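Below you'll find a set of structures to go through.
Each of the two complexes below includes subunit A, the first together with subunit B, the second together with subunit C.
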Partner chain A sequence: MAEPRLIEISPLTRVEGHGKVTVHLDKEGMVDEARLHIVEFRGFERFIRGRLMWEVPVIVQRLCGICPVSHHLAAAKAMDMIAGVDELPPTAEKMRRLMHYGQVMQSHVLHFFHLAEPDLLFGFDAPAEKRNIFEVIREKPELGRRAILMRKFGQDIIEATAGKKIHGTAAIPGGVNRNLPIATRDQFLKDIEQMEAWALESLALARDYTLSHPDLVLGFAAFPSHYMSLVREGDGALDLYHGNLRAIDIWGGTIFDQLDYTKYHEVLVEDVRSWSYMKFPYIKELGPEKGWYRVGPLARMDTVDFIDTPLANAARDELIATNSGGATHAILANHWARMIEVVHCVEKIRELLHDPDLQGTDLQAKGDRREEGIAMIEAPRGNLIHHYKVDEKDQVTYCNLIVSTTHNNEGMNRAVTDVADKVISGRQTITEGMLNHIEVAIRAHDPCLSCATHALGQMPLQVELFDADGAMIDSRTRDA
Partner chain B sequence: MSDFTFTIDEIEIPAKEGQTIMEAADAAGVYIPRLCDHEGLRHQGGCRVCTVKAAGRSVSACTQPAEPGLAVENETPHINKLRRDLVEMLFHEGNHLCPICEASGNCELQAMAYRLDMTEPTRFPYLEPCRPVDASHPDIALDTNRCISCGRCIRASQDVDQKGVFGYVGRGIHRHVAANGPDLAHTDAEITDFAISDEVCPVGCIIRKRVGFVTPIGEREFDKGLIGRKISEKRNA
Partner chain C sequence: MPDSQDAPAADLPKARIATASLAGCFGCHMAILDIDERLIDLMALVEFDRSPLTDIKKFTKRCDIGIIEGGCCNEENVHVLQDFRENCDILIGLGQCAIMGGLPAMRNAIMHSDEPLRECLEEAYITGRYIRNKTHNIPNDPALPLLLDKVYACSEVVEMDYQIPGCAPTGDVIFETLSKLLTGKFRGFERETIKFD
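Right after this comes the complex of A and B.
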């Protein structure tokens, strides 16, 4: 190999949003650097300025069509703070939680079965035309049917609590605009046993895959990182809706714990790089080189002390035990963690459906206005931060959003480099299988690039190969 | 007791001397689409969505007096096409972002578009005007991005509230509704004004602060059925 090269993968597929990967090779054909580029820009942080505060939860959720509930609720929580409401009426908080559990369930099911399962079922090197949900349905019709019906259940929960399956309006500053009628509740209760059985079977599928492919799982983009998530105030349990911040280091030790999330800017800094619209957050005290961290289902399994629902907690214990109790760094184990959270969501949904507070009529609280609102939530893909300032006229003057995929930016870039080095270094020709290995590493983080750049559009993947002088010598492009 | 009768789409409509076609039609339970007209406000004939054919001429039903024996065409494909064109041009002229608008589901413009089968974005290029929100008033905001210049707020403020909070400014395509002062805070506007009430502004331009989205999806006015159904139900009853 005489000259350095640059490989570009574009568009990325089976992830949410637009992105591409570039792989820089040296003169020996070894990977020098690999980057995940986010090539879309949406600008929500800017154009939300001037809008009225009660519009914010409805507007910013349009960042995403997959996890709009996360943005809807995070924005609503920030607006609660601005409305001076520190404690919601029980009906309001439980309706929001129910909405959120429905959302996490459907999003995880979508990712596992529709986006990731083709890789796991058919192999990373399977022909491209094989790696899609339709082939999964063809080969495993019962699995495909379950994927669709589980996702439907989650979306039906969202519709009942938010008003629509996508982009509802229920969360308003200080509360919600609806409760759950008994007839609707009873419809969900009819299906909850089936959902729990399917969730447990899906969990077994993800767990068995992880345990039966130890060489792949432990060798594929498995490198240590710090992890961060919300944990429940006091006991450190998993809490997807609310809590305090906890970050752990690569050995599982505490970096910070039970931190009031409104002080996030004291511990986190956002770095900007010229080649991506997505920022690079890091833990301030550790600096940009050592302070990067990851969020998401696997991070949550590592950061929390336990899960407060029995089936999910037992499953988490098993996952943690596979790594002798320490932090689990194998990125492919995210699928296992994701399915543990599906079980947790189903357990929580069942618990809430039996709670009479959901039929309460005290839906909204009032308080004394504040100028600033900061909220966090654990979205399906990880920690989500919404931060706003609102003037005395009720108009937004400042907005900062740090989404899960942004938290994972450095981790995804390192995963891309790790995999690229293993599958491309020293090779002359780019194959379809190589491209997909890189995509699998990105996909395991379940990124949402639209959310991360607050941008608009579809998700492409493109790989380009450049020489040492920066001239492109090979390229593969795939339509979204 | 009626003074005479006329027909709308061959339906016999009783009418009294001095009634407009729309007034008589409303009383008889025959709905004629409209945007600028509102019960309790003087008729304006501005939006032309109530255009009907009377004796072969296109007239605005809200201002045209009913006459004995008049044959009026209302719900014909041709007239509804004209109405849909008018509604499309209103969408083209302003910034009507229904998915994020708090008036969605209660908006007469949106409801009229549904009634007239405007199921796609307007065929005309969006003008995308840049109109800042006036949130200066402690209880009321004005987002003229959504204004359709129907003038209902102007008439309500002048004729009912006796205030003149709103007025038209500009000429031609630049004509638009504005607060009668440097901003809304420097007018006599009060939250209790009829002009500020939910029923006057047909869109999401005049906003009662801090109550947006309190009505859940499914319970909003036009979630329950088409615009005009309350008038039509009188006849069906």
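Right after this comes the complex of A and C.
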């Protein structure tokens, strides 16, 4: 076995950058393969062993501060199963759902306004100093303020349901440890109309952007892939908190459907490659070459049958009508899908706020202990899997996590190869334009590299070009 | 909702702030955004230099304040941290990961293990179930930065001027610290404002 390379602390020089792409050419100078390397490693699956089961939902969310609620809830759902609880008291389930909708809303708003908006507003070619939320605040104060207040609404919902805006503590095995006081509820109800109006305006912004840039959207790394997400049991509706697993192929046909997610390991395998810390999942029956798939907002729009809130459902119909049957492969339409989900979350939050169950006092259920817990949730960026085993002393003995960005690993690498092939085959140098294209291709997949590494959408990128003998011929880093 | 405020006097020299996320979860950067509307006020006092919240990747000027999230788990983290120390007058460790390693440092202390890092790598890539690893190797490629033998707190690598505790610290505490530092009024915190879960 090859030695992992370890060093003692000492100054070492190397270009920093969280995302790194290498491009490998063949003898003719054509692109053979391009790789997106994930350079961070945590080791969570090992060091969580020995910790107590109730600690897990609190600890595991520290893998990702961008969507911590998703990890908090996925771990809590797995611990419900270990606690022998198959059905939560209504108050507990609804508090958790409210927390989750607040989370998806704030995360999508963050992505669209704080990260993508500067590109859309100032253009992909705007100077780097300009492409950030602070400049949006400076130049378009009204838009900047709206972005801040929409995100704040989601964060406030999280604080009210989870206890803290970042890394809350409310979900416990079998339930939650708080309900929603009437006064807090009324605070939120005061703002909900405004949120709905803003969500619909944001949706229009994302839709119009997509429809008015057809060349960019359709020509950009828009290759076919399979898609996977949870869908509601029975009717196949969008359900971000719970459901069964469905995968569709590139033509929209079924690969598997209404699969009990505790059987995920019967359908999914993760491939390990030497050059990245992030693994490559694929659908077992199709094999590693053909079995890769993507997850996320756009994937969800394609996999579900409908959305159970009227405004979001009408918006989804409009999006689905733009593809000529089958699935929507235009990855840049992800923004549109994301804003449809913001509308959905606001509709769901409103529905929940009017539900008296949130003031209930039956918060935790008990059941007969099991040793294994498997849970899935639809995180903002797509499907998230948590799997644990716990011994009779309540200590974790096994853990396996598959995060959304990992599901999209192969897709991102294909996108990078696709773009690299188009812009660099037959050339010997890397241009600024190439960096731009690669960055947009990766960013469109919305990698939450924090779950495996850390970099917000605006990825610092380093691209290296290798000839057929493995010698580096050029390298370029995105600088200011 | 109140309308947007007028821009502040344009020619006051603004403080420059840079931020970096090392081995952290990005939660501390999210907490910076939790300053919410006060970000607009803060924009009157500061300019952001290199930061994952901007597209600026290298220092463009010397900075007054550097904010570090996360400890050091690989050589790149060390390199970035040293670069921040060299280019910032005041260096602030934001959150538990920067202060004492935080969650990633849990891998430093696996019971009964002389080689915790190796055990973590083997669990993730070799012995874990439901994976396919044709070579039976741990990822190892010149493109991957070298991992350190353990996760280090920032103060083990360079001198830090301030540490803001919390996981994550709240937007309120961050706003207070920054605005008081910028106006020379920073005298530490009341205990209540930095209590934990």
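The rule is short, and it goes like this: the second predicted complex is superposed on the first by the 432 of 480 C-alpha atoms of A that agree within 3 Å, B and C clash if a C-alpha of one lies under 4 Å from a C-alpha of the other, contacts with A are read in each partner's own complex, and residues count from 1 in each chain.
Convention: a contact is a pair of C-beta atoms (placed from the backbone, for glycine too) under 8 Å apart; a residue touches a chain by one contact, two chains touch by 3 or more.
It should be emphasised that the depicted structure is a prediction, and the values quoted were computed from it without experimental measurement.
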item	value
Which superposed partner A:239 touches (first subunit B, second subunit C, both, neither)	neither
Partner chain(s) touched by A:62 [first = subunit B, second = subunit C, both, neither]	both
Larger contact residue set on subunit A - subunit B or subunit C	C
Which superposed partner A:20 touches (first subunit B, second subunit C, both, neither)	second
First, second, both or neither for A:155, with subunit B first and subunit C second	second
Touching partner for A:410 - first (subunit B), second (subunit C), both, neither	neither
First (subunit B), second (subunit C), both or neither touched by A:164	both
Touching both subunit B and subunit C, residues of subunit A	50, 58-59, 62, 163-164, 167, 169
Partner subunit B, residues of subunit A touching it in the complex	50-52, 54-55, 57-59, 62, 163-164, 167-170, 172-173, 177-178, 364, 393-395
Subunit C-touching residues of subunit A, taken from the complex the two chains share	1-9, 11-14, 16-17, 20, 22, 35, 37, 39-43, 45-50, 58-59, 62-66, 68, 110, 114, 118, 128-129, 131-134, 137-138, 141-142, 144-145, 148-149, 151-152, 155, 163-167, 169, 194, 265, 268-277, 279, 288, 400, 450, 454-456, 458, 460, 464, 477-480
Subunit C - residues contacting subunit A, complex	1, 3-5, 7, 21, 23-31, 33-34, 36-37, 39-40, 43, 48, 50, 52-58, 60, 70, 72-76, 78-80, 82-83, 102-104, 106-107, 110-111, 116-126, 128-141, 143-149, 152, 156-157, 167-168, 170-171, 197
Residue numbers on subunit B that touch subunit A, as the complex places them	99-100, 102, 132-133, 135-136, 141, 207, 209-218
